[in-house]
Structures are given as C-alpha cells and as structure tokens.
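In the two complexes that follow, chain A is the common piece, with chain B as its partner first and chain C second.
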Partner chain A sequence: MSLLASAVLAAPAPTPDIPAPTIEYGLLSPMLLVFGIAVVGVLVEAFVPRAHRAAVQMPITLLGLAGAFILTIVVATQDITPASGQGWGKLAAMGSIGIDRPTLFIQGTILILALVSTFMIAERRTDEGSFTAQAAATPGSAAEREGLLAGATHTEVYPLVMFAVGGMLLFPASGDLITMFVALEVLSLPLYLLCGLARRRRLLSQEAAVKYFLLGAFSSGFFLFGAALLYGYAGSVQLGAIARAVRLGPGGQYATEVYGASGQFAQVTVGSNALLMLGVALLAVGLLFKLGAVPFQSWKPDVYQGAPTPITALMASCTLVAAFGALFRVFYVAFDGLTWEWRPMMWLIAILTMVVGAVVAVTQTDVKRLLAYSSIAHAGFILTGMIAADAAGLSSALFYLAAYGFTTIGAFAIVTLVRDAGGEAGHLSRWAGLGKRSPVIAGAFAFFLLAFAGIPLTSGFIGKFAVFQAAIAGGATPLVVVGVLSSAVAAFFYVRIIVLMFFSDPAPDGPAVVVPSVFTSAAVALGVAATLVLGVLPQSVLDLADQAASSLFVR
Partner chain B sequence: MTVLAEGSYASPTGQEIVFVLLGVVTLAAAVLVVTTRRLVHAALWLVVAFGALAGCYLVMSAELVAWVQVLIYVGAVVVLLLFGIMLTRAPIGPSTDLDGANRPAAVVVAVALAGVLVTVIVDGFRTAYVPSARASSGAGSAETIGAALFRDWVLPFEALSVLLLAALIGAIVLSRREIGPAETDARRGGGEGEG
Partner chain C sequence: MELYVPILVLAALSAGFAAVNLLIAAVAGPKRYNRAKLEAYECGIEPTPQPVGGGRFPIKYYLTAMLFIVFDIEIIFLYPWAASFDRLGIFGLVEMVLFIVTVLVAYVYIWRRGGLEWD
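This part shows the complex of A and B:
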C-alpha cells in the first residue's frame, strides 16, 4: 500500500518550472479593489433576497469606489522610481500596466466621477429609479407591466458599473496593446448592456444598446487591425518597444531582436513606413471612436439619448476620461517619435470635432442629444490640448477632463429631475419657463451651460484657457482660432436655452421638477461646487495636473 | 549557407502550397457566409471557414491556436449560432430580406480595407522569408504559449476572465424573466414604450 502510494506520488515527471510572474499588487490595488467589489456584487445578486439587494449593493459600490480612490492617493504618495532612473512610475505586472503620475491622476478622476454617477444610479425617487424592471420583457408587454407594478429594478446594474469602471481604470494604464484591447472590451461590454436598461422609452434604449454594440465591435476590429500591423512593424505590442522600433526605423527592431538569434536573417529588412502609418491610423480609429471624435461620432447622440440618464452621465464623464487617457498614453509613449506624422491628422480631427459638435448642436431639440453634441465639441477642445504633444498639453487636458466631468454629470442629473408623464421631459420646448417654476434647478442648469460655454468664473473657462494656451505654445494658433469660433457658436445655443428657461412663459401642462433624494441632490451640488471652485480657485488642481503631467508616462 | 538554400517564394514547399490552398478555401467560405440566402447555410459555411483557418494555423505550426480555433470557434461559437437560429424561429428556407440597402457601400468599404491591408502587408514583408522548418521549432506549442500566458501575459489573461464574468451577468440580465407570466404576448410586443 505504501509502495503504491509512493509510486503514485513519484509518478509525475518533474515539469519544467515556469518562473512566477511578478505582480505588484500594491500598485494595482485600486483596480483590484474595484474588480473585487464587482465580484462581491455578483455574489450579493445570488444570495441576498430581491427586496434587500439595492440596499446592500449601493453602499458597497460607493464604499468600493471611495476605497479605490483612497488607494490611488496612497499609491501616488509612494516613492517609485522607474528603471530608467528619472521621473516617477513603474511598469508593473510584467509590463502590462504602467503606473505613473498622469495615470494616477486619470484613475483618481475616473473614480471620483464614477462615485458621483453612482449617486445618480442610486436615486429611487424619480420614478423608482432610471432602470427597467425587467430587461427581458418585451416593451409594452404584460410581463413588463407586472414587473413595474412589483416595483422591481435591476440591481445587477451596480456590479456591471463596477466592471465598466474597472475596465476604465485599466484602459489608460495599459502598458501594451493586448492589455489595452482587453481593457477596452471590459469597459465597453457592460456599457453596451447598461445602455439597454432604461425604464422609459424602452425601444429607444434597446436601439441605442444595439447601435453602440455593433459600432463598438466594428471599432474594436479596427483597433485590433492596427495593433496587428504595429506588431508586424515593431515585433512587439509593448508601447515602449514600439517607440524604440519607431526610432530605429523600418526593420531595425527585427534585425536586432527577432531574427538576430540565428544571425542569418539579420540583414533582412522587414516592415515599411506604410505598415507603421496604417497601424497608427487604424489604432487611432479604435481610440477616437470611444471619444466620439468626428468622423466617428455618429453613435454618440443616439446612445446618449437612449441610455438611462445615469449611465449617460457615466459615459460622458468617466468613459471620456478613460478614452483620452489611453489616447494620450499611446500617442505620447508609442508614437512619441512620430509627432510630425500624426499631428496633421489630429489637427484635422480636432477641427472637425469642434466645428461639427458646435454647429450640429444648434439644430438639436432634445436636451440629451444636445448634451451629446456638446460632449463631442468638448472632445475636440481637449484634442486641441493634445496637439501640443508636451507636458503642458497633457496637464491642460487632464484639468479639462476633471472639470468637464463634474459639470456634465451635474447637467445630466438635472435632466433626470425635469419630468412629465412620459418620464424625462426630453424636448427642449418643455423646458420653457422652468426658471419661473423652480429657479434653483433652472439656475443650476444655467450655471452648467455657462460652464460648457466657457464663461469666466466657471471651470469651463479655465479649462478652455489652459488647453488653448498649451496649443498656442505648441504652435497650433490656427487651431485655437477655430476653437474660439466654435466656442462662440456653442455659446449661442447654450444662452438660447437659458433665455428659454428664464424669459418665456411656462406651458400650463409643463413638466414638474421632482424633489430628489439626497443622492441626486449630492450629484448636482457636487457638480455646482466643482464647477465654481475650479472656476474661481483652480490653482491647486492646476498644480496637481501640472505635477502629474510633468513626469509624463512611464515607458 | 547561401540564400538559395534557404528557399524563397519562387520555389514553394509542400507546406506552403497547402497553406495557400487552405487560405483560398477560407476566403471562398467566408464570401459564401455573407452571400448565401439561407441562415443555416451561412452558419455551416462559417464552420468551413473556421476549420480551414485552423488548418492554416496548423501549417504554420501554431498547434495550440489551431486546436483552440477548432474547439472554440468550430465547436462552441457555431453551435451557439445554430442554437440561436433554431430558438429564434428564424426561417429555414431562403430569406430574401437579408441584404440591407447599404450593401454596395459595405462592399466598397470591405474591399477597400482588404485591399489596403493586403497591399501594406505585402509591401512590408515582401523580402522576409521564414522557412517553415524554422517556424516549427516549438514556438506555437502549448508549452511555449502556456509559459508566456501565465508569466508575461497573466494580467490581460485574468482581465479576460473578468470580461467573461461581466458578459455572463449581462446575458442573465437581458434574458431572465423573474416576474410575471411566461411570454404569452411576445408576438404582440413591439408597442412603443414611450407611454
């Protein structure tokens, strides 16, 4: 017996050891916590009775996001020196993740904005919340009515939001294109689903989800084509290795690193500039789609309109920050040596994005579509900062993203409050005279609109000033002229809404303003406070963004 | 060792000929997937396309990728597609309304993109030649890929499991009915949900 046991124990042939990967759990802790809370949320769905789920999910989600934010600060206060010895940051998890100051600023911004968006998700006083009772029920069917009567709501929203936020934290931190692609999918897939869960106007919501999913899958395909071509050029998907290959020129990387082992192919020249350029272009398509930059903006108005408004707020703030973070990392790290090649392309895209976003917004009659076009125009302004391609451009864009995120969440929070019988009163004509009925809500909305327009004493002004200053310093003065002109066009329709709200008479059957619970009130109040503080006393946040940007991304 | 002894595209080996033939089969089956008028046939042509692609991987000595292709794509994905067709009561016979109005535009975009990609790749790798004997030095074996996956690529690998979990939750949200009668009035559905 013992002989047999020892034979069995001895039987497996000694397998070659794989050296264990080194994972810096401390540096990854914000992401790990967010993913961990998402998994806990899934378990809550499985084991907690339906009646108590929302009451359990909401606090753990809020605590998880707050905890991850604190962990981000803890990581940021550590002293981390990269392998190159200068700057601040480290490539963690076998090079898959780059933790550095700009990334931590972006992650912190995403976490705070996600926290404020979660306040909106937690609101139950507006029509039992913004989410459908049963997503599986056919719109207009008896099953849907019974679900509504039973007061059901989808609490799976919380773990799905946490999955999306985890992906958003990973996306701008990715050190290679494979991780970046996986992060892109992790952040996108829950958002596709969440878009289809609106409580009212179910068909519009489902259409938005399908549109976002199909176009998102299409753009992911472009991202993958671009990544494959860049791998063909550089022989690696690491952003730092791509930057090295770009400096060496076509074939350099292969000659030294891939074929060099046997020596006999060392003279072979592989790769061409066309390969590199097309790779850059296709990768940019995938990234610019997520920002909604023109000409990849067509999904944005439809999706923003159809999605539940808290999810629209999440997409307009956090997804935009994450997508810009990834765009900055790819173009500042991998394509650092190609600035002269990509800059004309970005010029064109920034001009188109600002002009189309501002001009088309003028013709909109739905408030959520209007905010979507406004978001497109703002993406164009932030791209202007990127064109400087230096620390000042990065710093100004980081500030702009944080400021715009708070303002846009506040604006969408007010959209959820102005309601009539059919749910949110989307059509702008219904907002006429709102200032006479509820001056506080209309006043806050007017303040957000002034911030979008970039009026002094709001964060929008400081943000626009910073990006335009960086762009002028980077030699893009014509771009700034276009930016100022489209700001003026945009200001026209923002002011038109303010006039509509305060100087026209309310319709007798006009929408009512719901008295919100503490959650939506907090989202609006934080939006107003951030917009005002960042507009009047922006220096501390500007300094923080400067400090974050000064060491640039780790390679 | 001279250049001629290493071979070139001018004197293809048996493996290279098989690779090209499999590529032709893949392309033809893929075209049939999008042109056939029967949904079930499209799914079955997809089996051919995926299978031939697995053959291509095998010829390039990427064994593990080839078998994953067979197991996941041919095995799971196509079966799922067929189940989807079956459960949604899609017509078995030819459908005439499968083509959208944007078909010409889609064809132009697809052909243009394929043309650009092929041109760029041929241009980039025209002079590169790796004999298949050299390629089959174990680079595509399960051992090599496993070691890379669980060391260098462990983080994206784990992130993928998170993605799958999120997709699973999403599928349950979209399909599970917890309250109310079974779908008796599904056919009446489609009423405007704006009320």
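This part shows the complex of A and C:
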C-alpha cells in the first residue's frame, strides 16, 4: 500500500463548520439598491404590458439612482474607522470591497451623472427617443418598419443601464482583483449591448457595438492576465496584500490566515520582480483601455459616434469616472510602493493621450467623434493629476472628473437636439449658423466648448488649474507644459466650432433644433448650471474633493 | 503502480467498446446516405458554404445556448453548496436562495417574453 492510498483511506477528521463571512450591508447599500432596482426592472419587462413599460421603468430607475445617491451620503456621514486606526473607511465583505471617502465621492459622482444621463434616455420627443424599435430586426427590413409603426421601444435599456451603473459603482470600490474583474464585466457587458441600440444609422451603431465588444473582451483578457501574474507574485489578489508583497520584495515571506480554519496560517513567499512588472503593465492596459488613454484609444471615436447619444453621454461621464476610480485604487493602494516604477510609464501615456487627443480632434468633421477625441484629451489631463500620486493629485482628479462629467453630458444632450431628416445632424458643416437660428442652444453648446477648452469662469478652468497645480507640486512640470500646449491646440478647434455656429450663414436646408421635453432640458440646464457654478464658486466641491482625497483609499 | 491498474483496465474496456461498436455498425448497419447524414453535424445550421454576406443566424439557437449557460452556471454553484450544505449553515442557505432567485428572474424574463417558444 503506497503512501498516497493510505492518506486517502484514512478516516477524515471531523470537519468544522465554515464560518459565515461578514457582509456590511449598510456600507454596500447604494450598490445593493442599484442592482436590486435592475432586477426589478427585468421583472417589469416580464410582467408589465408593453404599453406601460416605459412609464413604469423610468420612474423606478430615476428613484433608484436618487435613492442610491442619498444612501451614499448617509454612508459618508457615518463615523467609520479602518482597522489601521487612521483615516476613514472600511474593507467590507471580507476585504473584497473597500468603502472609503474617495470611493464614496466617486460613487456619488457616478450616481448623479447617471441620473442626468437617464434624463436623456427617457427623452421621447426626439424621434420617439434615441433607441431602436426592435434591435433584432435587420436594418432597413420589413420587420424593422413593422416595429417602428407599432411604436415598439426597448425599455430593457433601463435595467441594462442600472446593471452597468451597479458595475461602475463596484469597479472603483473593489478591494481585490477578482471583484474588480467581475465589476469590469458587469459594467461592460450592458454597455456593449446598449451601444448597438441606436434608432438611426443602425449599421454604424451595430458596428460600434461589435468593435467595443471585441476590443473590450481583449482588454479584459489583458486585465485577467495581469491579475494572474500579480497573484503569482504576491500570493494574493487583494490590493492590500499586493502592496505588502511589494514592500517585502522578492523572496520576502509573510503569513496569511487560512479562511475557515481559525488559527491556521499559511506561509507565502513573494515571487520574482518580473512577475510584478509584467502584472502591473498588463493590468494597466486593461484599466487604461476603459478610460481610452492613448495607445488604447482607438475604440473611442467609433463607439462614441455609433452608440445612441444618451449612452455615449453615460459612457463619456460615468464610465470614465469609474475607470479612473479603479485606476486610482489599483495604483494608489496596490502599487503604492512602486510609484517610481510606474510613473515614467504614466508620463508617457499622459503625454501621448493629451497630444493625440488634441491634435487628431482638429481634423474631425463629426461632432460626436470630435467630442470623443476631446474626451481622450481630457483623460490625459486627468492622468497628469493622477501622476502626482498624493492627496492633492487625487483631489484635483476627483474634482476634474465631476466637473467634466456634467459638461460632457450637457454637450451630448445638445447633440441629440440638433436634427435634420436623417436624425442627429452629425456633420459639423450642418452646424453652421446654428447661433442665428437657435441662439440659446448654440449659446449653451458654446459655453460647454469653452469649458472643455478651459476658459476661466467655467468648471474646465478650475479643473485644469487644479490638476496642473498638483502635477507641478508633484514635480511633473514638463507634463504640465505639454498639457498647456495641447490645451491651446484643443482651444483652437473648440473656438472654430463657436465661430462656425455664430459667424457663418445657416444653410437653407440646415438642421432644426427640436424643442425637447423637460428631460433633455433638465440635462442641458444641469450641465450649464454645474459648469458655471463649479467655475465661479468651486470652493465647496473642491473642499469636498480635498476631504475625500485626504483620507486616501482604505487598504 | 497497482493503483493505476483499474484505470488502465477501464481505458482498455472503453476503447474496446468503441471499437466493437464501430465494427458492428460497419458490418451490420444499413447504409442509406442522404444529405443530412453527410453533414458534419446532423442538426443546427449548415456550417458551410456560408451564404453571401455571412447570412442571418436564427436567434433561437442563441437563446437556447444562453439559457443553457445560465442553468449550467447555477448547477456549478449548487454542487459544492450541496456537498457542504450542513457546514455552511443558514448563511449559505440564504445566499443560495438569493442566487437562485436572481437566476430565476432571468428565466422568468425569457419565459414571459417568448424565448421558450421555438416557433
């Protein structure tokens, strides 16, 4: 009888009960509410008659997002001390989810921006809404015409958006790489689907969905590969444990408690630095893809152009905030001790992102593609703040994200209103003379463009000022020089559009501005108000971002 | 070494079973070839030749496959839970019920929206 067989045949020791994990439902309530509403939305789709679905979905979605925002504030006002005794926050759900001040700021921003995006999704006066009547019908077929005539709409959009927003809330809060990957997929999969649901130019929309899906799946693969290598290095996927392994260095040993076997410890030996460096690089590819940093930006113009404009607004605001939140958490918590290693890489990416975003935008002729390149350039500006890797950098990036989110949603809301016979008038030449026909709409759009350019008295100026200030304090002056120069290039094409709108003669068959319902009006008005208030009286939000960033991420 | 003998015996038995069956089918089976018999798979859509432009894929296959995956995943989680049901206690039961209810919501959606009707 060999040793193996005797071990198998030995009477098993009585197995103890597996201890139930502790889950802090209160801290997780905003996410649980959003996911719960999404599930309710699916049931509404199943049981409510077609005619009433939109009328039921829209209020529960808006109430769910508003309720989750209130819950976020309730969580933020509680007094929570982490295990380390310093700062504010807690690792919830057995270390899988980190709830702390920066995360709550990011989650609150996502919820508000998602609420405003949902206003645009609920708009029905532009062409019966922005979403296709029947996504499964071939574009241009009899089945499609049938669906259009029957007035069908895809109210599944609401639960899909809620699932995506739930994933976005979880993404920056993830305390380990597995949770982060699941959150990445939960936020991405509904977005892939939503991208293909545009009512007009459906082939372009479907193309956008396929491109986003293929490239997104590819970047998810990079993320997973990086996570696997980091697990090989640190012996754990927890961000805090990876940070500890980085501090110990290759060959260092630490003991970790075996879950479910109280008092038993396993010895972990930290792996080689090659695993770490490859892991950091691959993980960074996965994260930088989602925020569209150069050289991972190629999907952004195509997807932003093809997707239904409310979904583009959601992606340009909420997804960007969530992706940056996750990037901050990974690089500030797990790779905290590696700042000198990852900083040169991020320098290069930030410079490329700013320059390519600004320069390529100059040649764009489609307004949604232009806003996409503008979004790429802005991601570069936020990266300069992130590179400072301190509380000031984090705070400035948080402020920038909130300010930019409102402005970009407002800009996309106006894009949905300027329409001609073929739907949204995408080509910039069609926007000529808009200021003479609809001065209010053109004026609001010009204001958003000035905010993108970073003109004083807009939130864009305060945001840029804050990130550049943090970058200079962090020793990244060359980066700021590049940032200012590419801002100047970007200002050129923003001003060119303003000139086009106000100082050209309108074409006789030019697009008309649809009179929107209260929803899109609210999105535009909130965009203008937030851009103005954050530009003139930014102090309260700056203080909030400072307060959020000062306690840093819990580990 | 003697530990592996049953595995070797099982491998020999299954290889022999397959070979004998093929032989019997070749010798005794009637041979009436038709188009379906010559396909790589006797069901589903024809893999080749592709129609011009890629063709349209019947959505029913996709729905069935999705439904299969949903329940496949559910079973993957149910097995380990069932194996240590007594050790996981009330918490495990509640979590499992929550999980099954969530999967059930997807099922109810497919059922109510006609995803289970083939024609």
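Following the convention adopted for this analysis, the second predicted complex is superposed on the first by the 521 of 555 C-alpha atoms of A that agree within 3 Å, B and C clash if a C-alpha of one lies under 4 Å from a C-alpha of the other, contacts with A are read in each partner's own complex, and residues count from 1 in each chain.
Keep in mind that, in the parts below, a contact is a pair of C-beta atoms (placed from the backbone, for glycine too) under 8 Å apart; a residue touches a chain by one contact, two chains touch by 3 or more.
For clarity, every value in this text was computed on a predicted model and none was experimentally measured.
Peer 1: On the A-aligned overlay, A:Leu500 touches which partner chain: chain B = first, chain C = second, or both, or neither?
Peer 2: Touch partners of A:Leu500: none, neither chain B nor chain C.
Peer 1: One more residue to check, A:Ala183. First (chain B), second (chain C), both or neither?
Peer 2: First partner only.
Peer 1: Going by the contact rule set out at the top, does A:Val39 touch chain B (first), chain C (second), both, or neither?
Peer 2: It touches chain B and chain C both.
Peer 1: Check the residue A:Ala66 against both partner chains and state whether it touches chain B (first), chain C (second), both, or neither.
Peer 2: neither
Peer 1: Touch check for A:Phe47: first (chain B), second (chain C), both, or neither?
Peer 2: Once the two structures are laid over each other on A, A:Phe47 reaches chain C alone.
Peer 1: With both complexes superposed on chain A, which partner does A:Ile97 reach: first (chain B), second (chain C), both or neither?
Peer 2: A:Ile97 contacts chain B only, not chain C.
Peer 1: Return first, second, both or neither, reflecting whether A:Thr138 touches chain B, chain C, both chains, or no partner chain.
Peer 2: A:Thr138 contacts both chain B and chain C.
Peer 1: Looking at the overlay, what does A:Ile18 touch: chain B (first), chain C (second), both, or neither?
Peer 2: Both partners.
Peer 1: Would you tell me the residues on chain A in contact with chain B in one complex that are also in contact with chain C in the other?
Peer 2: Common interface on chain A, chain B vs chain C: 16, 18, 20-21, 39, 42, 45, 136, 138.
Peer 1: Would you pull the chain C residues touching chain A in the complex into a rising list?
Peer 2: 3, 56, 59, 84, 87-92, 102, 105-106, 108-109, 111-113
Peer 1: What residues of chain A sit close enough to touch chain C in their complex?
Peer 2: Contacts found on chain A: 2, 4-5, 15-18, 20-21, 39, 42-43, 45-47, 136, 138.
Peer 1: Residues of chain B touching chain A in their complex?
Peer 2: 1, 6, 116-117, 119-121, 123-125, 127-130, 134, 143, 146-147, 150-156, 159-160, 162-163, 165-167, 169-170, 172-181, 183-186, 188-195
Peer 1: In the complex, go through chain A and note every residue touching chain B.
Peer 2: 16, 18-21, 23, 35, 38-39, 42, 45, 50, 93-97, 133-147, 150, 152, 154, 156, 159-160, 163-164, 166-167, 170, 176, 178-179, 182-183, 185-186, 189-190, 192-193, 196-197, 200-205, 225, 229, 232-233, 250, 254, 262, 264-265, 268-272, 274-275, 278, 422
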